[in-house]
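Each structure below appears as structure tokens.
Next come two complexes, and both contain chain A; in the first it sits with chain B, in the second with chain C.
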Partner chain A sequence: MNGKAWRDVRKNFPIYLFLLPTFILVIIFSYYPIISAVYHAFTEWDGVNVRFNGFENFLSMIKDDAFIASLLNVIKLTLFSEIVALTLPLLSAVIIFHLIGERIKYFFRVLFVVPMVVPYMVILLIWRFIYDPLDGLLNRLLMSFGITNTPVWLGDSKTALLSIMLIGFPWVAGFNLLIYLAGLDNISPDLFDAAAIDGALGLKRFFYIELPSLLGQIKLIVIMTLITQLQAFQAPLILTNGGPGFSTMVPGLVIYQNAFHFNRMGYASAIGLVLSIFILILTIINMRYISTEVAVSER
Partner chain B sequence: MKNNLLMSNIWKILFLAIIAILTYYPFAFLLFTSFKDLSQFYHNFWTPTFPLRWENYYNAWLAIRQYIFNSLIVTGVSVAGVCIVASMSAFIFARYEFPGREVLYFMLLILIMIPSTLTLVPSFVLIRNLGLLNTRWALILPYISGGQIFAILILRTFFSSLPEELFEAARVDGATIWQSYSLIALPLSRAVLGVVAIMNTLNTWNDYIWPSVVISEDSLRTLTVGLAYFSGQYQTQYGPQMAGYVIASIPLLILFFLTMREFIAGLTSGALKM
Partner chain C sequence: MIRRLSKCLVLVLIFTFFTQLIFAQQKELNIYVGGTYTPSRLMPGTAVREVKGFDPIVEKYQKLHPDVKINYVKQPMGEIRTWLVTQLTGGTAPDICWTQPDFVNEDIGKGWWLNLDPYLEKPNPYVKGNKRWYDTFYPGPLEVWRAADGHLYMILGDQVQVGFYYNKTMFRKYGLSVPKNWASLMDIAKKLKNNNVTPFAMWGADLHQVTWLSGWLTNFYFWPEIEKYDKDGNRWISKTEIAEAIKKGTFAYDSERGIARLKTLKEMYDYAQRGFASANEDLAKRLFLTQQTAMTVTGSWWLLDLTNDPLRKFDFGVFYFPVLDSKTSPLIPDGVPPTNKAAGYGALQLAVTNSAIKGNKVDLATDFLMFATAPQNAGPVIKETGTALPTIKGCTPNPALKPFFESISYPAAPFQEDDSLLDNEFGEKFLAVANLFLGGSISVEEGAKRLQKYAEEAADRVLSLVKK
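Right, the complex of A and B next:
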């Protein structure tokens, strides 16, 4: 470093002091784990002993039944979440938006925000109860219709994944609804007036005005759902632990189990690396093509 | 025309009402089951019953109060830490020119793209090697470190939008960086800090995976982890079990009704970060 640059740094010393806490934390708790993860992906590692083993972990993945099953499951779960995210919350947002009367609009907005406040863990535990084979809400309902051979939902490999998908039904109260509503608020009222004069109402208005205007929000939701779903494993962890068999196994849970139950931390890091590269690509697409600004609500 | 509009409004309200009932029924069921003993539960499954068994709440409270207390401490300290550390850095990045500014900012920005799946295992080993397993620091320090990134992004945008004259005048009067930060920037950023705080409160309060990995001692468990454990303990005692879930939902509900506007903003921006 030449003399002038060094003087610049010295003159700015208090500035660097302000940044110090941030960077100390980030180096220890972010940069070190990232480097460690990438390095250990190519090793056999139990958290203490390390042995370099090249691409062995990546080859093991192809032969790992749990991992293969988890990939298929995560694809199904993600596709399902995408379909859900693009239908019911969008429909409900449009309906709320076109309600007549500001007070009733506000009422339904708040009504569908409040459930978001309930901790996700509570939601999962409620759904575990709903699926309980004997005392659960769902089977009690079926029994009251006279159905006797009720499913065991989470305990049967034929229904377990479906049960995980159905958690949160009817999926309206949530983040997606807020994003759609914010998008609808941003459409110029002139556009709706013009449409009304032309007689474009209902479905016509939806396809000619609302859907095109919400493209930004829709793209955002598609990518965000993708990124979240690829990593999510709290529901299977709490409700089924990936079972029965591997019927509800997802990649995040394969990582978790290998690291914390089987002590195969190198292998877990390798799966984490593969998953992260996928997610990284999606995030970059997200940042390049989708402005997050569109999503921030005014209300 | 007017009649048509009213009719369509009624259909819309009907549709939304059905969605609302489907959304809320599990919570309503939770609420009235939380007041039942087992015989009430089995004899009157679908509807509320009397007398209300308040002792369910008492028992559940005894079982989970320590977890709520732990979550309050961890969340409180983490959120305060995020607000302090992030606002200092954001202020510098927004208002000062210095060598390395772009590089350092990029070093932070890029971390938003790193999924937590990648760092879960090495972070655990790091915490273990630092001897922090089964301490609150195992939660607080990573939460501050991770939470500050998005907070810096939001706060930097805000600090950049403040008029330069404010800081120019202070500089002419010989104010130090610390004075500009603490006397001018911070007091003006109360609303934004509120959103940042709520966003981080939600993420910290609801996190399950990380605390389940680094905390195994019962007296230190946070609410999410403690609740999962508690529900295993009270397996078929539905009354106290459900009462516990209700109690666990109350702190955030209170926060929501006290700060609705900031809360919704925090909710949306919190979900936007990946």
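Right, the complex of A and C next:
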């Protein structure tokens, strides 16, 4: 730190002092666990006894059926979530953005955001009832159309993962919608006027003006969805416990089970480390190769 | 003004000093006694029936020891093992804590639980004429959980039992009677299915129900070979003994007996409701309660709740697991005796944790446990909750639990259930594979092959734990 920087710190010392408690808490509760996990990833750790075992945990992953199955499942889940996150909320945001009248816009915005306050646990329990093979809403609906051989959804290894994916239908996440709407609001009205004069309306306007202008938001949503999906395990934990078989197993659940059920915290840390590195690499790729600059220059 | 303020400050300091002195003399004990024995008043809105639970014991003990304050730790939300692991790792667990016996035995070498053997050898001062606390318990269920290092880390004050709950009204309608053996149970299931009634409400979301059944079958299919595994001849196959047998290849999931056992299990699940793999205990109970199935398999803890449930519109009964004989498989000899399959599992399962050890409260904690397990104290509490039968001598069981009286008197089942056979990890993998072959996603043979692989890995873990 050079002299100017020190002077700056001294000058704004009270401000830095206010930041200190937050900084300390972040170190204790965010950074310390990460460092601890990195260290324990190379150990056999049962919560009490620690023994250094080199790369043994990482080698065990290759032989772990549950972990391998979880990787394949999480790839499918993440791809699906990315596709959904990049289409339906965007479409809804564009439609809401172009609605005539602020009140109606506001109404729809609220309509999509209100479900955000419902705890995810409640949503999962509702979906459990929807998927109930005997009395569930979905099978009752299918039966009303004369379909008698209804699926057992969560109870069948062939349909369980698909059922997990379908949770949250129609998948217009309020948070993503708000991000897209904020991006659309930031586009200069002059640009829309100029486009209208040039005859760029409807799909043309969407592909040549709105979509390129939203690349920053898209990038953010890609990363957020990626991180959320790779870490998520609530739905499989509550609805299927990773089964039947390992058909809905995800890495988060493998970590949880190993750490808290099997006393293999070292192994769980190793999986966590691999997952973090995986997320980091994908985030770097996303940051480096999906550039928002292109959109700006084209505009 | 300043003088007046100083006087006030001095007075406050003196007051604080003396209050601290008084409270410092009061000893505190934190207890978590499990969901069954935590008073309902502490769990508003969650209890099906109002129970006083441990309240009378705590009140009496505090009256007898005015210097002791006992604090309840309420039933934690979520999965109990996760909560326990975090609390024990951090050294913040209650001094006395409810635990599953499997947990304490898997935690050997961590210093999380107190070895109770020296205390069990001492007299229980709260039981007249007692010379050895251990003698106040029925030894069978307690001995089941002697850990691999030869010590007892928890006491067991009661014992649950599981059985088949059946719809008597429905049985009468179709002219059915309580089965005498497994083959007749399957006949009943077939008749019900032919009448478009789903015979069994099953669940596969956790490993309890499936391993009660698979464990029951083990005790018949592997009975003729018990001498091969029971090295110490105590008619109880420990984890070490079974792990050694797996490594030697004398006990195998993919052996003829192993596959036949799994096929018998599958035959039963073919009579279960669709989608049982994702169903949980509550759903299975609901299906039985709403007469969508004729039977379900669950524990003594449901008996009183079901008896009093206003939604129940039928008569019900309970029968114990039917015995298997040569009618089911030529591999099973006739005359294999029924055993007590839930021996060692209860609701009053208490252990002393590392918090008491570190806080120098071991003597207090064990004294409270002695008081709590004295028949005059434990008896009424166990009777009131009515979910389990006492394993403390001199306690009278709740008469409502009569359907379970006989089976509990049987000798302990020699083979442990598949979730307790080796370790918890194997138990989870057993469930994962079982749901696949029971649901028809893979063949029984393929399931047996996968289970054998997981069993061999688990055997290595168990044997390495013993070495430690």
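Following the convention adopted for this analysis, the second predicted complex is superposed on the first by the 245 of 299 C-alpha atoms of A that agree within 3 Å, B and C clash if a C-alpha of one lies under 4 Å from a C-alpha of the other, contacts with A are read in each partner's own complex, and residues count from 1 in each chain.
Just so we're on the same page, a contact is a pair of C-beta atoms (placed from the backbone, for glycine too) under 8 Å apart; a residue touches a chain by one contact, two chains touch by 3 or more.
Small disclaimer: the values here were computed from a predicted structure and weren't measured.
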Quick check on the superposed pair: does A:Gly47 touch chain B, chain C, both, or neither? Answer first, second, both or neither.
both
Could you look at A:Ile95 and tell me whether it touches chain B, chain C, both or neither (first, second, both, neither)?
first
For A:Ser36, using the defined touch cut-off, is the partner it touches chain B, chain C, both, or neither? Pick first, second, both or neither.
first
More residues of chain A are touched by which partner: chain B or chain C?
B
A:Ile75 in the overlay: touching chain B, chain C, both, or neither? Say first, second, both or neither.
neither
Output check: A:Ile281 vs chain B and chain C. Expected answer is one of first, second, both, neither. What do you get?
neither
So, does A:Ile255 touch the first partner chain B, the second partner chain C, both, or neither?
first
Could you tell me if A:Ile147 is touching chain B, chain C, both of them or neither one (first, second, both, neither)?
neither
When the two structures are overlaid on chain A, which partner does A:Asn263 contact: first (chain B), second (chain C), both, or neither?
second
Intersection of the chain A residues that touch chain B with those that touch chain C
47, 256, 259-260
Mind listing the chain A positions that touch chain C in their complex?
46-49, 65-66, 131-134, 152-158, 160, 239-246, 256-264
Contacts from chain B onto chain A in the complex sit at residues 5-6, 9, 12-13, 15-16, 19-20, 22-24, 26-27, 29-30, 41, 45-46, 84-86, 88-89, 91-92, 96, 98-100, 104, 107-108, 111-126, 128, 141-142, 144-146, 148-149, 152, 176-178, 181, 205-206, 208-209, 213, 223-224, 227-228, 231, 236, 238, 241-242, 245, 248-249, 252-253, 255-256, 260, 263-265, 267-269, 271-272, 274
Parts of chain A lying in touch with chain B, wherever the complex brings them together:
5, 8-9, 12, 14-16, 18-19, 21-23, 25-26, 28-30, 32-34, 36-37, 40, 47, 88, 92, 95-96, 98-101, 104, 108, 110-122, 125-130, 135, 137, 140, 169-170, 172-173, 175, 178-179, 182, 224, 227-228, 231, 233-234, 237-238, 251-252, 255-256, 259-260, 265, 268-269, 272-273, 275-276, 279-280, 283-284, 286-287, 292, 295-297, 299
Which residues, counting only chain C, touch chain A once they are in their complex?
79, 81-82, 85-86, 88-89, 106-107, 109-112, 204-206, 273-279, 283, 287, 292, 423-425, 428-429, 431-433, 435-436, 439, 441-442, 450
